[in-house]
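First subunit A sits with subunit B, and in the next complex the same chain sits with subunit C.
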Partner chain A sequence: MFQDYILDTLIYIGIYGILAISLNLEAGYTRLMNFGKVAFFAIGAYASALLSIAGAPFLAGLVVGILLSAMFGFLVALPALRLRADYLAIVTLSFGEILRLFFLNEQWLTNGPMGLRGIPQPLFSVLDNNYLVFYTVMVFVFLIICYAFSEKIMNSPFGITLKAIRDDEDAVFAFGEDTFRFKVKVFIIGSAMAGISGALFAHYIAFISPDMFFPSLTFSVWTMMVIGGSANNLGVIAGAFLIQFLERGTRFIKDFADLGIEPSNLRIIIIGILLILFILYKPEGIIKERKRIL
Partner chain B sequence: MILRVKDIKKSFGGLIALDGVSLDIKKNTIVGLIGPNGSGKTTLINVISGFIQPESGSIEFKGMDISSMKPHQIARLGICRTFQLTRVFRHMTVLECMLLASKTHDTGILKLFLNPGEVSKKQNADIERARNILEALDIGHLGNEYASSLSGGQQKLLSFGMVQMTQPGFVLFDEPVAGINPTLANKIFEKIELEKKSTTFLVIEHNIDILMNFCDEIYVMNKGKITAFGTPQEIQCNKSVIDVYLGG
Partner chain C sequence: MPFSSQIIINSMVTGSIYVLIAIGLTMIYKVLKFANFMHAELVTFGAYMAYIINVSLGMDLVYGLIIAFLLTGILGIITDRLVFKKLRSKGSDVISMMIASIGIGLLVRQIIQESWGPQLRWYEFQDTTYDFLGGSITGLQIFILISSTLLIFLLHFLFMKTRTGKAMRAISDNPQLAMACGIDTENILLWVWFIGGGLAGIAGVFRGADTRLVPLLGWEILLPAFAVVILGGIGSFYGAIIAAYVLGFSENIGVAVLSELSISTGYRPAIAFIILILVLILRPSGIMGTKEET
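The block that comes next holds the complex of A and B.
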């Protein structure tokens, strides 16, 4: 039982870790204020779930989920990335909410507020007792792939250009790079990764509904990135680990002490205080951005 | 003529920043651009490099009209500009800045996975070239330091190193030696002079002595207009220049 709990925690760390890496590419390395991360997570989740329910194999659902997230990433990026940072934040935030309302209201497709039930879990009948172990391994394989992919592109000329855009977009222009194209590309990659994360989430819990995709999820991932260490892929995974640990840890406190406060509220207070402390005293996060030695 | 600027006009609200500016710049020369603060020098560079659209007038580079092009398109034609306040990529090392400036790098993502060997081969060649340039500027030992940790003078050297890295045909240089000690300033201009055989320079600079030594021709601007033009000797003797700029 306790082992299951640990595995469940690890699966969530992996799923959020992938989301945090995807946000890190956009916001950490390139400073694109994507406040609509949850939208691309939701697209991956719904697309993959709907296809699986309709009988498609898990991998097909996953691939379509990734492609659809990437496509919507592209469509949102085209108008949004021409905006200044704060307006980009507003547009992406609204997109996430619009999409959630779409899932809530288009009952013919998404079953509305009742959500999608019985999302098939890959290889469930075969593995039976070892299912959590299998799923943990699978999530971590995807996490490692996303990590390696992100490291690879950040160590390439493409990545150098992204970092330069973060520091001074005009100067990058002056060196002959069309910065808009770079921003669109990284937005598509980030959205595709969020799609992977969403699909893994949907098939793990086997039930999704629109109320799982509130903007608070986006901000939770932002917190992981800021506290973990923005522009450091290991850092943001550490952030995902810490936030998951706190979210779950606070649930147990009520077993040991009478706080006179709901544990879920305590959780928000603790994470909020932690975020403030990090921004004030350790803005680079748990693991700070690595200097690349050439 | 490598660059012809004809009758450029640009105003910001009620302020006329450029009031019919024309320049003709010959290939492989160093041309100075001087004038009091607010006379429109930086605006002119912004217009030539495409960061600001002029209201009227034309700009021809090697016979091609570039006045409606975007900054990155102009940069790709080989016009490289630097910025007045040395722009520093805060989270990047000196070598990373140099790699960014390279024109031979592959920034494609697909190629990174389909042909990683070629991408890293090119990058290694770029790193090698960057090291040589930095070495020649006496900042070779700073390659792996953050660009923001460099001193003012070193940042100017890096700025010039990045210009060399792009191998431009034409450089718009905004105050390459502002705030630098005279010895280093002379050294930077000696390097610029060495590059003259393959590159043309339009240089904004307040250090008159240096311009007199190194420029082939000088334009003087005042209140959005070109008020004088000539060789350094002619400019030095021009009464109106002495009045508005040299402060006779």
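The block that comes next holds the complex of A and C.
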């Protein structure tokens, strides 16, 4: 039982870790305000779940989930990325809310508020006893791939240009780089990665419904990034660990002591306070960005 | 029948509420340069403060309205003193301010949810319904229409004729120049927060009385409020007024069209989103904004 609990925790840390890395690519390294991260997570989850329920293999669902998330990332980025940073925040936040309405209203496709049940779990029948071990390993393989990929592109000329855009977009533009293309590309990559995370989430819990994709999820990922350390991939994974620890902690306390406060409320209150305190007093987060000197 | 007198009445009421929210949002946006996502929670906060006065203490809703104005204005000032002023003095960028505003928003909303629970609540007041050109209008709605019109004229007077109002316009046009002219920026900012917050509080009471109270009350209308601000042109008082009624009409006509086409009216928020995207593509500076804003 205890082992299962640990594995379950690790799976969530992995899933949110991937999401935090994807946000870090956009927001940490490039300063693109994606306030609708949950939308791309949800697209990955729904696309992959629907295909699997229809009988497609897990990997096919995953790939389609990634492609759809990337495509919507492109479509959302297009009108907003040319404009001021804050417009992207408003547009992405709104997009996430509209998408949630779509999942809620299009019952023929998503079963509306009742959600999708019985999402097939890959290789479940083969592995039944060791399933959690298998899933943990799988999630961590994806986490490591995303981490390595993110590190690689951030140390490539592409990534260095992104960081330069963050620090001084006009200067990069003056050097003749099409900064808009760079921003669109990183936004597509970030969205695709969120799609992976969403698919892993859907197949793990085997049931998804629109009320799992509230904007508060986006902001809990933001908190992971801000407290862990923007523009540091290890930092944001540490952030995912801390927030998961906090989430479990608030649920755990409920069994032992009566705090007189609903654990789900307490968790979001703490997330709000952490965001404010870190932005005010430790904006670089727990693990700072490593600045490369050329 | 998509264009009846009932739609005109509903649109005017919706527009009047949006005006009150958008004026504060656009002022803060213009002066402090960031999208204040916690503005939604000021709306909710005002609604619940009036609930305390009206239901918990059993007083008339008009007293609730006045208290909501004062307390929400004060909450605006407090958040500025505790968070945004510190960020300004550290020279933090607008992105940090937006993240901080999200943090405060989560905190305020979740404290409200913890205090009053997620259930729907209603104010206690007598209301009469009148026939009006084939439609019906409630006494409350007449009150909303008249008082928001009065508030708009009052604000017009404030901006044009008083020293404080002129200083506000000076600061939003050119903060450095305003400071060089000896305007006490920080002092004027207090007024911006107080008036902006107070109006949001009033809007919350109106919305709560016209529909119902719920912790997501403000959050539900944050997207249309941003659409109003951007359509009107950031910082434009008159632009916001026109845009608020444009949004009011678009939403109510849109909902009528949706039900004609037998599409779920749950898509109401999507109408604001479509307007927002169209404005960003076609005229990102809004109706009355200046080109430099984008």
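Definition applied: the second predicted complex is superposed on the first by the 292 of 294 C-alpha atoms of A that agree within 3 Å, B and C clash if a C-alpha of one lies under 4 Å from a C-alpha of the other, contacts with A are read in each partner's own complex, and residues count from 1 in each chain.
Quick note on the criterion: a contact is a pair of C-beta atoms (placed from the backbone, for glycine too) under 8 Å apart; a residue touches a chain by one contact, two chains touch by 3 or more.
Keep in mind that what you see is a predicted model, and the values were worked out from it rather than measured.
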item: Contacts of A:164 with subunit B and subunit C, given as first, second, both or neither; value: first
item: Which superposed partner A:84 touches (first subunit B, second subunit C, both, neither); value: second
item: Which superposed partner A:101 touches (first subunit B, second subunit C, both, neither); value: second
item: Touching partner for A:282 - first (subunit B), second (subunit C), both, neither; value: neither
item: Subunit A residues touched - subunit C or subunit B, whichever exceeds; value: C
item: Partner chain(s) touched by A:31 [first = subunit B, second = subunit C, both, neither]; value: second
item: First (subunit B), second (subunit C), both or neither touched by A:219; value: second
item: First, second, both or neither for A:251, with subunit B first and subunit C second; value: neither
item: Intersection of subunit A interface sets (partners subunit B, subunit C); value: none
item: Subunit A - residues contacting subunit C, complex; value: 31, 33, 35, 79-80, 83-87, 89-91, 93-95, 97-98, 101, 104-105, 216, 219, 222, 226, 261-262, 265-266, 268-269, 271-276, 279-280, 283
item: Partner subunit A, residues of subunit B touching it in the complex; value: 49, 51, 70-72, 75-76, 80-83, 87-93, 95-97, 99-103, 105-109, 112-113, 119, 123, 127, 143-144, 146, 162, 166
item: Complex contact set, residues of subunit A against subunit B; value: 152-153, 156-158, 160-161, 163-164, 166-168, 170-179, 182, 185, 189, 231, 289, 291-294
item: Residues of subunit C that touch subunit A when the two form their complex; value: 34-35, 37, 83, 86-87, 92, 94-96, 98-100, 102-107, 110-111, 113-114, 223, 226, 230, 264, 266-267, 269-270, 272-273, 276-277, 280-281, 284, 293-294
